[in-house]
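Chain nomenclature is as follows: A, B and C, assigned in order of appearance, with residue numbering initiated at 1 for each chain independently.
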Amino acid sequence: MSLQLLFKALLRRKVVTLLLLLQLALTLALLANSLLLASQTRAKLNEPTGLDLPHILQVQLKPTTNDLRAQPLLTDLLERQLAAVRTLTGVKAVAYANQGPILQGGNQGNLFDPNDPDRTNVPAIPAYHVSPDFFAALGLKLLEGQLPQTPVAVDGRVRSPLVLTRSLAEKLFPNRSAVGLMTNHASVAAVVEDFFGHKMATDQWYNRIQVAPLLGVDWGYALLINTDTGATERIRQQLPDVLREVDANIEIFYVRSLQEQHQRLYRDEFGLATLLAILTGLMLLVAMVSSYSNAHFNALQQQQDIGIKRALGASKNLIFIELLCENWLTTALGVLLGLLCAFALNQQLATVISMPPLQLWLPLCTTIVLICCVTLATWYPARIATQVAPATATKTM
Amino acid sequence: MEQFLYYLKVSFTSIKRAPLPYALTILILSLGIGVFFANATLYYQLNSDPLPHKSDKLFFPMTRMMPHQCHDCPPPRILSYVNVQKLSATEIPTAKAAMYSTDGYLRLDSTKAPTPVSVRLTQPDFFRMFDVPMLHGSVWQDAKARQELILAKQMAEKIFGRSNVVGEKVLLDDRYYTVIGVLDDWRMLPRLYDANNHNYVEDTEQVFMPLETGYDYNYLSNTQSHTMDDTDFRQLATQGRTGALHQLQFWVQLDSPQQQQSYRQFMANLVAAEQKAGRHPSMPNNQLIPMRDIIQYFGGGSADIKAFALVTLLFLGVCLLNASHLSLNRYLSNQYEFSLRRALGASRLQLQQQILADVLLMTLCCALCGMGIAWGGIELLNYLWPANRLFGRWDPTLVAALFVLTLSASYLVTLYPSLRASFGGLNQQLKE
Amino acid sequence: MIQLKNLSKIFRTELIETHALRQIDLQVKEGEFVALTGPSGSGKSTLLNVLGTLEQFDDGDYLLDGQSVKGLADSALSKLRNEKIGFIFQGFNLIKDYSLQDNIELPLRYRGLVASERKRRVEQALELVGLAARRDYHPSQLSGGQQQRVAIARAIAGEPRILLADEPTGNLDSLMARQVMELLEQINRQGCTILMVTHDPDQARRASRQVQIVDGQLSDAALYDPLAIKTA
């Protein structure tokens, strides 16, 4: 097998070869970047959240009448709703909250140590107003201090004490216990394990919680239910009816598990990754069609040459390998060009979306996929070409 | 005409001779065009200008009049009630309207089930600024608090069963209001008057209420609000009107460059005076952004669609290359026939005309297949990105653009192969 | 060297059966220069194709250098063709996009010879046919006679045991034809067995033996004379 002769064969068909090279290069570029985005999305969907996602349900709802949205009827409604949900078998804990976890954004505020406001100010921290069972509902582990047991109004003379997540406590009060220390809002009563709050916050692990009555429910509120394994789906089906039975003047926006909530958070990324994957599949198909057509056409054009080679002693297998090698060479050249294109595309995509840099091993792996596809596509035409009888060579032009 | 029909016949014969390569060319070209067009539709619609004749005359003022110090931050995208009062205290704009949105529950009376509605709380100038068509009745006479609502036509029909409901009473969140106007069919897409937080992809509101009434009844914004001091957001009617509770959007209409310049000057003077009076510590940073640039300013253009647009463009390129390749093979196979025709006296121009007939046939097939694929593509995009579902629609301009794109693509794809086939060396080709 | 025993070849289509070769018995000794003559359509080229293992036969046997080719697999036949047989065609059949060097080298590559050995043999063959100075030329840059000489160089570069030539001078003028025939005679003198199909009686006379084939059957007879048949 002469590399030189193969190159000469490619150079003879410059335009066709160039078209094929460009196609292969772009296909490789897209394939590599698609895989990268898909793996990034998958990583995000599998990231730790500090929560038992499949077994915690969230109901987002809002009273439809004005008086139910105001105190004292609001607190009464919440109490009745919590009591009703607690009666369902399989419910481990239930709580109300002004907002659930794992959101894009929502109710946020800043927090700082009054002794050092400029250095310690942390803006955009999710602020939760919850019932006492909130921590059990989310399955949060207590790390320090004591969890408040009674709701205390956040705007009262005596401020409702704060519960911070570990990372936030560490940020505000590094290298010491935060319990008992004062912040601009209230003193810290306890520290719990981190959980995923808001995607668009200073840090997804920074959360501050106060056991307090809800200030207002103009944006609705959440009920968080921790369920036994196996009971989740049943409870989810029962919840809307149970809640409407307590009081029909509510609008239930949705009942979701936190896992679905998490998936929704990355819906756009998932959508893009899916679209790119489909497009990559189409591109590979198109590349295979091209390779097939190229091999088929070349075999036809080269029939006489193939006949001569067979007459000179080339076996069928040798002709077959020769034809495959021509395609492999084109693919290899396309791959080299494709590596450049892959890095260029990665940089361009990174200017519009969050895209990690491309590591070299990824396009090299996708090269193998490309070669396999191209080989598959050229197999049949190459096989057919070997059927050229040597006697064809003896026929005069 | 007869000659053109002959050329079409020749094309058909050539296709029948080798249908597979032709079918593959059509498939691949349609695939590239269809996929590109599906995303291009979304991209085009999302970036379209709903008010092209006045989007450079409607402006969104923003200033850094807030109680705390901020060195490098841009001015807030939402204003406080006090900010808006001060920015309105001038006759320079042709029209001006403050606004925000909220949620409510609408019904005919307390015996009926409530219908969740989106409500825009605004001032009378809103309707003429954004060319909102009125079907029945009128807008509020002034910007004062009134127990009056304006309904969208679909909402009026839903609640009352008919559209002419001017003078009727309706219950919104346990309070009765009189309907004084009903809007005609109206949809502003993208909804640029509410470009904050990517809200411009949403549909227009169904109920319109006077801004002052909203404040009186403590309606909070359902999109974005920011309290910069200790204002209690539950006391919107009182503290909300005096404190640093930012939830308002404010638009002004400035028709001429002189007006725009005057208003800029007004803003500069106002902010300077306020700072002198000690009402805000930050250095001035005033912005007056025209409507057609608002999305760009907020950096809210959909990144995913842009990324996908880049990729579909590449895909189209790959499909064009591929189709060229297949086309080249096809024409080279037919080279003998072309050469024979030349040997029998056909001129190069006549051969080009023959190829043009081929191109037109290909265009027709590709356009039809491409449209089908594009339609499927839009359905898929709507499924994966439901937030943009209102934008996956075609208008005559887009359909015409599709045909032009297909024609250009088909012509490009056959250009090099056809030139090579009709300009090649005769003798050599015939011998072969 | 070559032994054909009762060999037959039938071409079958949907409608007709053509007996191209009928019970051929032929023996060719090593070093012979045999001319195959006969009228058009008599089966000369078919016989040559069978001898060159370019076509299969239907009946009988063919022994080349003592080995039967009947039932050999494609790879074995290819090897045989590559190592023991050299071809020269009327239409030259050079690969037009390869240089002379590449064309001559082709069968040597299939044999798996190393680059240095291939180079040596190509040089030797080019010297023999007098075209060493044009090794980088392409076939389209040469005259018919020169192209045929290149084809001969390709055929002998592998040092075959037999050389099969199908109307080697059919496309050449008389001067070039004479040059080619001289070359073939030179190769034969060096010990190569040659079988040549020809229409030309003068060329046939230059061979050491003439074999006539008519309607697929052989006769080791006197020189075929078309005029003789007519008057018979």
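As a working rule, a contact is a pair of C-beta atoms (placed from the backbone, for glycine too) under 8 Å apart; a residue touches a chain by one contact, two chains touch by 3 or more.
Predicted model only: the values in this text are computed from it and were never measured.
Chemist: Given which chains touch which, is the overall layout a line, a ring, a star, complete, or other?
Modeler: Topology of the interface graph: linear, an open chain of contacts.
Chemist: Which chain's mean C-alpha position is nearest the mean C-alpha position of the whole protein set?
Modeler: Most central by this criterion: A.
Chemist: When contacts are scored as defined above, which chain pair ends up with more C-beta pairs, A-C or A-B?
Modeler: Looking at A-C and A-B side by side, A-B shows more C-beta contacts.
Chemist: Would you mind pulling out the distance in Å between where the CA atoms of chain B average out and where those of chain C do?
Modeler: Their C-alpha centroids are separated by 77 Å.
Chemist: Could you state the distance in Å from the CA-based centre of chain A to that of chain C?
Modeler: Here chain A and chain C have centroids separated by 70 Å.
Chemist: Rounded to a whole Å, what is the gap between the Cα centroids of chain A and chain B?
Modeler: Once rounded, the distance between the two centres reads 27 Å.
Chemist: Name the residues of chain A that each touch 2 or more other chains.
Modeler: Residues 397.
Chemist: Which chain B residues reach two or more other chains?
Modeler: Within chain B, no residue contacts more than one other chain.
Chemist: Hey, which residues of chain B end up touching chain A in the complex?
Modeler: 21, 24, 28, 31, 35, 102-103, 105, 114, 116, 173-175, 219-220, 222, 232-234, 303-304, 306-308, 310-312, 314-315, 317-319, 321-322, 324-326, 328-329, 332-333, 380-381, 384-385, 387, 416, 431
Chemist: In their shared complex, at which residues does chain C touch chain A?
Modeler: Going by the criterion above, the answer is residues 45, 48-49, 52-55, 74-75, 78-79, 81-83, 87, 89-91, 93, 95, 97-98, 102, 106-107, 109-111, 154, 166.
Chemist: Which of the residues in chain A come into contact with chain C in the complex?
Modeler: Residues 1-2, 5, 8-9, 12, 304-305, 308-318, 389-391, 393-397.
Chemist: Across the complex, what residues on chain A touch chain B?
Modeler: 15-16, 19-20, 22-23, 26-27, 29-30, 62, 64-67, 155, 215-216, 218-219, 249, 251, 267-272, 274-276, 278-279, 282-283, 286-287, 289-290, 293-294, 297, 300, 345, 348-349, 352-353, 397
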